[in-house]
Every structure is written in C-alpha cells, then in structure tokens.
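Here chain A shows up in two complexes: once beside chain B, once beside chain C.
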Partner chain A sequence: MTGRTGYLVGAVCVAISTVMLLPLVYSMLASIKPTAEAAATPPTYLPHGVSLDSYRRLWDYQEGLLTYLGNSFGTAVLTIVFTLLLTVPAGYGLSRFPIPGREVIFVVLLLALIIPYQALLTPMFLMFAKIGLTNSLVGLAVLHTSIQLPFSLYILRNTFAAVPREIEEAAVMDGAGSLQILLRVFLPPTVPAVVTVTLFAFITSWNEFLGALVMMSSSAKFTLPVILATARTETSLGGTDWGMLQAGVTISIIPCVLVYLLLQRYYMAGLMSGAVK
Partner chain B sequence: MRTRQRLSLLTVAAMIGVTGCSQGTEPTESTAEQNVAATTSCAGKGELTMWERSGGNKDMVDMLVAAWNTKNPDCKIALTYIPHTEMVGKIAQGIASGQVPDLMGMDLIYAPQFEKAGQLVDLTDRIRAWPELATASSGHMTVATYDQRLYGVPLYADVSALFYNKDLFKRAGLDPAEPPTSLSELRSYADKITALGGDVKGYYLPGNCAGCNIFTVGPLMWASGAKIEAAGPGDEPLVGDGVKQVLQFERDMVRAGNVHDGDRTENGETFHLQFGSGKVGMMGTGNFNITLARQQNPGMDFGIALLPGVAPNSSASFIGGDLVVVPKGSKRVNDAVNFMKFLLSDDVQVEVYAKALNLTTRSDMVDNKYFQAEPLVQDVAKALTVGRTPYTLTFFEQINSPQGPWLKMLQRAYYSDDDLDAVIADAKKEMKEIAAKS
Partner chain C sequence: MQGTRRNRWTGLAYVAPALVFVLVFTVYPLGRMIWMSLHEWSLIAEPHFIGLDNFRRAFGDEQFWTSFRFTLEYTVLITPVLIVGGYLLALLTAPSSTVRAVTRTVIFVPVVIGLGVSSLLWYWLFSTDFGVINRILLDLGLIDQPVLWLGVDAGTSNFAISTSVVWKVIGFGMILFVGAIQAIPTDITEASLVDGAGYLQRVTRVVLPLTMRTILLVTLLSVIGSLLAFDQFYIMTAGQPQNETATSVFFVYLNSFPYLKLGYGAALSLILAVTILAFTIVQLVLTRRSES
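And now, the complex of A and B:
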C-alpha cells in the first residue's frame, strides 16, 4: 500500500469510525448534562454544564441500579454456562460420532434460526409458568440459552469438525476416553470458537428485552433493558427523562465494550474458524 | 459410549436442575374469605404484589403505596412498574397464564376492554355500598363500570386545563387575572403574546401526539358541543359543529405563527416540559404540570383556567388517570379491596393526595387545608366538575394510536390545506369501521 493509498484508507476508516461512534459519544454527553438541559428542545449537542444528577437518579431508580446490573450480569453468566454445557457436547457429538442422520439432526437444530423467538415467547411463557420458571433469573437464562443455541451449535460443530482426525486417533491410541478427548484434544485448539460463543451469549443475554419483560413480573427481577424501557416513559403522558435514560444507555454499553475488547483477539479467530469449514 | 451417555445425562440433569430452582404456586382465595367487610388495613399477612404502568403519576402512586406500607408493615405492597407501552399485553399474558399480581393500577381508558373480556374481578358486591363511591371521580367510575358491575376505584386523577403564563400576559398588555373564556379570546391573546417576538409563542399544539391532543384539544371540542369517539358499533363519531370549528381554530393558530415550528414533531416525550420553558403563553396541559413547571422555572408566574369552547364561558376537561383493579387470578382479593378502601378514606385523600398537591379522587375532599393554601390546585380542581372520560372499547384504535384516525385527522387539519369537511368525513368513516369491530 502506497503512502497516498494508506492515507486514503485511514481517512475512510476514521470517517466510518466517527459515524459509528458519534451516537455513543452523544449519548454519553447527554448523560452528564444537567437535567433541564438534557430535556431541552431543541437539544444542545455539547453540554453547557456538567452534572451527575442523571446517574444519581438512575442509581436510586426503583430497586436501585445495582439490582438491575446484578440481574443482567447473573442472567448473562448463567446463559453462557447453559449454552456451553449444551453446545460443546452437542457440537462434539454431531461432528465426531457416527450418529445416524446427524446431518439432518444438525439442520433441524439450525432451523430454529429462521423462527423469530418473539413468535415462541407466548408458548414458552405458558410452559415456563407451568413448571415455575417465570419470574426467575434461571428461567430467563434458559430462554436466552434457547435463543443462542442454534448459532452456538453451528460455530462449535464446524470448529470441532475442522480439528484433524489424526490427533483424535492418536489420543484414542493412547487410551483416552471420549470426555478426555473432548477436554484435552478438542477444546484447546478451539478456544477462539468457545470464546466467540461466550461473547455472543453474553451480548444476547445482556441486551435482550422482550423475553425479560414477558418472563419477569416483579421489579426486583427486572434486567437493565427492561428498566431502561420503564425509565423511558417515566413522566406523565409518556414523557422521557432523557438524562437518566442516556445514563442507563452509557452504563449498559460498558460491559459489552469491555468484554469485546478483552476477547477481541479470540473472537475474530473463532468467527473465522467456524465460518470456513 | 459410556462417556457419551454421561455427557447426555449431564445435559438433561442441567435442565432438571434448572427446573428444580423454580417457585411453587400459592393457593387461591377461598370462597369463605370473599364476604369479609373491607377495612383500610390489611386483613392478611405477607407481601402484596402490585403492577402499575410507567408514564403515569409515579410520584403519587409511590406515596400512596408508602402510606399503606407504613400502616401495614406486615402486609407491604411490592410495587412493580411495567413499561406502559407493554402494559396491556403483559396483563393479558399474565391473566392467561395465572401469573398475575394481587392488584394493579391501570390507565383508566383501557379498563372497559378488560372488563368486557372478563379479565378483572367483579367487585360489585364488595364495594357498592361504600359511601365514598358517591363522590368518587365520576370519570373514573364511569369506566370502572361495565354492564352495571363495578371493577375498580380511582387510583389517581389527571385533569386537563388551560395553563397561562402571567408574566407573558403582562408583557403583552393583557390582564393576568382575566384568562380567555372562549376560543376567539384564546386566539386574540395568543396573537398578542406571539407579537412579543423572540422565541416566545402565544400557544402550544402537540403535533404528533394522539394522547396529548385528546387530553387538551378534545375538551375544546366538547366545550363547543361536539362529540368525538364512537362508543360502539353503529354510534356516530365526530358529531357537532364544534369539531370543525376547533379544527379551523387550530389550523388558524398554526398559520398565524402562534406555535413553535418544533411543536409539529411533539410525540408526547417533551410535552410536559413545554409550559415550564417560559416560552409558551398558553397551553392545554394537566394538573401534574403545576409542580413540574415550578421546578423547571421557579420564577415564572402562571395561572390556570378551564379549557374554553366556541361560546363565551363554555368549558370542558378530560379526566384521565388510573384505576386500581384486581386481575382475575389474584390470590389476595380481600386485601386488594382493603387497599381501595384505604385510598378512598378521608385521611388518605387529605394527608396523601392533597398534601402532595395532587387532585383528590373524591370531589367532597377538594375543600381541604392544603388546597386552600394553594390557589392553583383549587383552580385546576374546578376542571373535575366539567370533566369527562370517553367510554369506548376501542379507545386505543380510534384515538390513542399514532396511526389512528384521530391523529391523522388532526395532522391534516393543522398542517395541510385539505378541505376540513373531507378530513372529518375520512376520520369519521375510519372510526365507525373500528367501532363496528368492537
């Protein structure tokens, strides 16, 4: 790449980044505006004053911000655990064991991708109500897991299938059982794919709104997206506390950005390994 | 093979473990418990659960629940706010699955739909003998009644009125003690205030908010003798000359430059903040705006009058707010009824509603020490006497929907040159079609 081309590519990258980052920056700036300024029409682009009032209101909002952060985080962690517990063995089995009709089984499992989960919410809610899984973080994590399963299975099954068969055969010759082969032979080289699945499960669960709204019926169990929707229509006749809403948006972005930045290296490798089988 | 089975079992065990963490269900209220006389205290023990929509009068509801919880420490209400756009679906789903709260607050306008669908507990035999109901807000009690059965009592009341900025009145040479009493006065006062220039306008018109308009423009039509919604199949909506007169009045206001250009996009999200900005001479808004405007603009002097009609001294108001009702499947109906009794008690009416400068939900409680010290609340309380609440099973579809005929009609009237008779005829046709399906 010549110097001039490099500058051009750099300028395009900066322009795209600016477009992508501007809403986030604007949201963050709105969250530190004084209350009256945050609600002003027409809005100001840069804060004329700095205030943490919006964060204070959010901190004390209903059950308190920590409750909602805890619920969101707990649900996301459970979703990751359930997803990995189900899809690692399933991906391993579907890629390596001579199960009759395994391709058909795999395709059937992937079919869930084409059905919007919103369409399944009501029957799932009624089913969960019968077995007492509504208004429970565990139940919500199960729902989020079901949303995440097809994509995770697709990534892991294809990644496991790409592991050279010779390595597996060598392990068998050394007397390793199936579980040992999975844990010691298959998982180490497929860590990027597992991380990818983890990352997607986290972000899906962290951001999911409708399922959480439907499944949860008490304020103490709400997750961050639900409470932000509640806060959006905080005042009479549907008025919005813009400052508090933007404070919530800013806080809800932080974990996603952190997790992404920490796992970015694995994530890129994992996505590619699953995609090119 | 054994390991593979172990893995499968692990997966199944995980799901069973998940199920094992679930909650059980409680028994429902026995028939014998249903005839207990209501009191203002809790009869049972244990937490009561209550849902309320967000976007209502949250401060008021919080205070009412706090007052109950102080009086009933062994029977506190756990209050959950549901995003108001999702409330109707959430309730319907909860009732279908039996996962309902013990009681709930509900936007009064949607109550008839739930009553008709049999999704609320019929409270007639428990509450009809209460003397407090004789003076309970008539608008609330109208929509709390279906087929002569009672399903709830008022939780709080919002009424619309004309707020006017006395500072701007003085600057424009108008008498702040003489607010407009007819649409023609409203127009001429608005012209004078707009003439002050700068970013001050004489009037405010929420251009993209169906709910704001039925709350504030609807009463102008009622005060002018018109009828708006179709109550049911076969009923004629948009009847009376007042409809066209008010639409023409609003169109003229817009054309005269008496409203800010930005008002056209107002979808309700900043409606409540407009009057407190100090840049609007007069606007229809609700009693909730008294406290809010003072917080926003402590130095602003303002007054409250009734929303006028075409004829001098005609007036009307929209009575809105919430009802407290009991969803089918509630396990604590008696205690929910006790909470209703508590809400209507003299003490709560004065020491909670009035003390917080919110409207009392009983008209005989308006004359109290807190309102006497606050003339603005007295002024806005007068709206209760001329107020009404529309009664239709299709309020959302006819009126409140952003895609509904009400808002479409208003927007064409305000911002286009379409013939007003055609505009009204189109809306009328659509409203009748909606009502015919109810």
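And now, the complex of A and C:
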C-alpha cells in the first residue's frame, strides 16, 4: 500500500471510530454533569463541572440501584447455569451416543431457532402465571434459557463431535464411566466453546427487554433495562431525569463492553459459528 | 460409537433434561398459542371456541395493517443501509493492520450492548430540547428551530430510530462480511492483482461474487431482526403518534398484555411466527448449502 492510501485509510478509520464512540462517551460525560447542567436546554457539549449526583439519585431510585443490578445479574447467572446444565450433557449425548431418533431429537431441540420467542410470550406468560414463575428471577431465567438453548446446543454438539475418537476410546479402555469421560476427556478440550456459550448467555440475558417487561410486573423485580425504561418518563424531578438516565445507561453498558473486550476471541468464534446456525 | 459398551439409554439420559425443557417451554407454548388463536378469551370470561374468527378479524383490522405496513417500511428503510454500509466497513477493515483491526473492534462495540439501553441513549440524543443532535444542527445552521424527532411524525420517528439502530447493529453484518472476505484464498486475489485489476474491479469481480452467500445471509438476518423490532419503538416513541409507529411485535404486545385480548393476541403471534418462519427457512437452506 502506498503511503498516501495508508494515511487516507487511517484518517477514515479514525473518523468512523470517533463517530461510533461519541454517543457512548457523550452519555458517560452527561452522567457526571451536575444536576442543573444535565437538565439544561440547550445541552452543553462538555461538562462544566463534575459531580456524581446523577449516580446518587440512581442509587436511591425507587427500590435502589442494587436491587435492579441484583435482578439483572441474578437472572443472567441463572440463565448461564440453566443453559450449561442442559446443553453440555445434551451436546455430549447427541454427539457421542447412538440415540434412537437422534436427528429428530436434535431438530426438536433446535425448534426455538425458527420460532421467535416474541411470538410465544403470551402462552409462556399464562403458564408462568399459573406455576408462580412470573415476578421471579428463576422464571425470567427460564425464558432466557429457552431463547439461548438452540445456539448453545448447536455449538456444544459440534465441539463434542470434533473431539477425536481415540482419546475417548483410551478412557473407555481404562474403565471410565460415561460421566467421568464427559468431565475428564471432553470438557477440557471444549472449554473455549463453554466460554463462548457462557458469554452469549450472559449478554442475551443482561440485554433482553421484552420478556422482562412482560414477566415482571412488580417493580422490585425489574431488571436494569426495564426500570430505566420506566425512568425515562417518570422521575421525582417531574420531567425526565436525563443525568440519572445516562448514569443508568453507562452502568448497563459497562459489563457488556468489558466482557466483549476481554473475551473478544470467544465472542467472534461464537458469532461465526452461530450466525451460520 | 458402535464399538463401545455405552448404550443408547445412557445417551438418552444425557439428552433428556434438555428435551423435557424444550417440550415444556417451547413446544407446549407453541401448541397452546395455536389453541388460543382459535378461541375468544379475555381472562375475565372463560375461553370459547370461535374457529378462525380471530384471523378474519386481524386481516380486517386496520391497526393490524398499519403496524404491519410500518414494520415493512422500517425494514425496507434500514436493511439496505445495514448491508451496503456494513459491507463498505468490512472492505475498509478486513485487510490486516492494527488501525483497521482496532476500528473493527470499535465499530462492533454497540452490537454487544442492549437494544433497550441503546434506545434510551438515543432517546436522549434525539430529545427536542435536551438532545445534542438538535444542538449540533442548530449550531451548524442546518435548522432554525429544534426538530421534533420522536413520536410526533411517523416518518421522522422512523428515520431517527433507524439511525440509532444502524449505529447499534451495523457492526454485526460487518463482522460476518469481514469473515467472508478474509476467507477468500489469497492466490485468487493475487491472481487478479497480476492481471492488473484495479481495486474497484477486484471488489466487483472477485470479492463480491465470492461473498454473495454471506450477503444473502446477513440480509435475511437483518430482515428477520427488523420484522421483530420492538424495544426501540417501545422506548423511543411508545408507538406515538396514535400507534402509527407501533410495529408488529408491539401490536401483539398491546393486544396480549395491556388489552388482555388473549385469543386475538395469540392469532396475531401466529401470523407473525409464520411470516418469520418463511424467511428463516430460506436462511437455513442457504446456510446449509454454504456449509457443504
């Protein structure tokens, strides 16, 4: 590449990166503006002062920030646990055992791929209401697991199927049981896939909005995006508390971006194999 | 597999929990939805069978068509931008260099944050009096007075929301395009260089044809995603003005939950599911082929 093209590409890249990052940076800056400035018309470009007031108001908003963070994290952790407990054994079973009707079972398990969960929410809600899973983190996690299950199963089955047979046979010769073989032989080489599946389960659950909106009616059970969506119109200040809203946006974004930047390799691996489900 | 002592029952035991889960939480709700769609049911009264009346009612419901048309408008507006824009970004960032790789990572960041949260962010950026977008346009002298972006005019709202969603998801298509472009064997690109092909020729004659399948795949994924749009409209316009910006999923949500027309909501869900299914089948067939 000639020098001039190189500079041009560099300039374009910097310009695009700036445009992409500006909304995020601007939101963070707004969250540390003093209360009066955050509510100013027209808005200031850069904060004239720094204050954590918006975070303080968010901390005490309704049931308190910790409640909503706890709900979001709790649901995400339960989703990860449920997803792994269901799809690790199922992926193992489907890829290494001569199960009768294996193909049919696999298709049934992937059914949710072709039916958007948005369409199933009404019957799900009625069922959850009957068995006490509405307003429950476990219930919401079950819903999120049902969204995430096909993707996880698909990735894990393929990963288990790719483990060489020789390794497995050696363990069988040593008299290991099937569970021992799963834990000792199969899990170590599939750790990257398990990380990918965990990562996607976290991001799906943390970000999911419609299901949480439908399943949670008591505000003490709201997840972060749901409480923020209600806060966009009604706050103690009368109108929208823009500073507090952007403090909430900033806090919601941090875990996702952090996890993505730290585990980028696993994220991309999942995206490449998941998109071509 | 056949040579080992492990039998089919052991395998079935490993699969059983997932199978039961899917039967209870996906298959049963699906059957229940079909059953509900054939009944009149409002939670207060007992459900009673009405055959296909809910479907007849939907197709005669002006609000159903308004939401369907609006969803299509949104899809038609946003999809070309996502595909063309995503592809251009992929062409820019696919070659290996640090600057390009960093740019790729940055463009992808909004993809991992929640659509609900990004909608709250853009709800503020587009706010008439408190948003920076009007401030910038005013300072540049492009407008004389603040624009009412959201919830007043359906077209303007659609434009503003599409802008926010392009920012949020353009990196998704880009990454898949980058994967496809990088998978092109280097000897093919080198051969075209030897032939003296310019950059534009290389893109149109070599890169585009060899990544066509990914382009189709991303187009389908984008269309499906747009047809299922909800969060951004619920948060940024709440369907205003007069439910003109309520998408199909929004309309299902309104009927099923606030209005509690359970049978009607189920029929609408089913229509939505069948529409999406048609696109998904095409997508699955396509990806099957690209794997083999």
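As a convention for this text, the second predicted complex is superposed on the first by the 228 of 277 C-alpha atoms of A that agree within 3 Å, B and C clash if a C-alpha of one lies under 4 Å from a C-alpha of the other, contacts with A are read in each partner's own complex, and residues count from 1 in each chain.
The criterion applied here is as follows: a contact is a pair of C-beta atoms (placed from the backbone, for glycine too) under 8 Å apart; a residue touches a chain by one contact, two chains touch by 3 or more.
Model, not experiment: these values are computed from the prediction.
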Which holds for A:I131: it touches chain B only (first), chain C only (second), both, or neither? first
After lining up the shared chain so the two structures overlap, which partner does A:G49 touch, if you call chain B first and chain C second: first, second, both or neither? neither
Examine A:A229 and indicate which partner it touches, taking first as chain B and second as chain C; both and neither are also allowed. both
First (chain B), second (chain C), both or neither: which does A:I16 touch? second
If we overlay the two complexes on their shared chain A, which of chain B and chain C does A:V214 touch? Say first, second, both or neither. both
Which partner does A:Q246 contact after superposing on A: first (chain B), second (chain C), both, neither? second
The answer to whether chain B or chain C touches more of chain A is C
With the two complexes superposed on chain A, say which partner A:Y26 touches: chain B (first), chain C (second), both, or neither. second
Which partner does A:L113 contact after superposing on A: first (chain B), second (chain C), both, neither? second
Just chain B (first), just chain C (second), both, or neither: which does A:C256 touch? second
In the superposed view, which residues of chain A touch chain B and also chain C? 39, 41-42, 85-86, 89-90, 93, 97, 122, 125-126, 142, 178, 213-214, 226, 229, 232, 240
Provide the residue numbers of chain A that touch chain C in the complex, in ascending order. 9-10, 12-14, 16-17, 20-21, 23-24, 26-27, 30, 39-43, 45, 85-87, 89-90, 92-94, 96-100, 105, 108-109, 111-116, 118-127, 142-143, 145-146, 149, 153, 165, 168-169, 172, 178, 182, 203, 206-210, 213-214, 224-226, 228-229, 232, 240, 242, 245-246, 248-249, 252-253, 256-257, 259-261, 264, 267-268, 271-272, 275-277
Touching residues (chain side chain B, partner chain A) in the complex: 1-4, 6-8, 10-11, 14-15, 18-19, 21-25, 49, 51, 54-58, 78-86, 90, 93-94, 96-99, 101, 158, 209, 211-212, 215, 262, 267-274, 277, 286, 288, 292, 296
Chain C residues touching chain A in their complex are 1-6, 8, 10-15, 17-19, 21-23, 25-30, 32-33, 36, 89, 92-93, 97, 99-100, 102-103, 105-110, 112-117, 120-125, 127, 129-132, 134-135, 138, 167, 171-172, 175-176, 179, 217, 221, 224, 228, 230-231, 234-235, 249, 252-253, 256-257, 262, 265-266, 269-270, 272-273, 276-277, 280-281, 284, 287, 290-291
State the interface residues of chain A toward chain B in the complex, per the touch definition above. 36, 39, 41-42, 62, 82, 85-86, 89-90, 93, 97, 122, 125-126, 129, 131-136, 138-139, 141-142, 177-179, 213-214, 217-220, 222, 226, 229-240
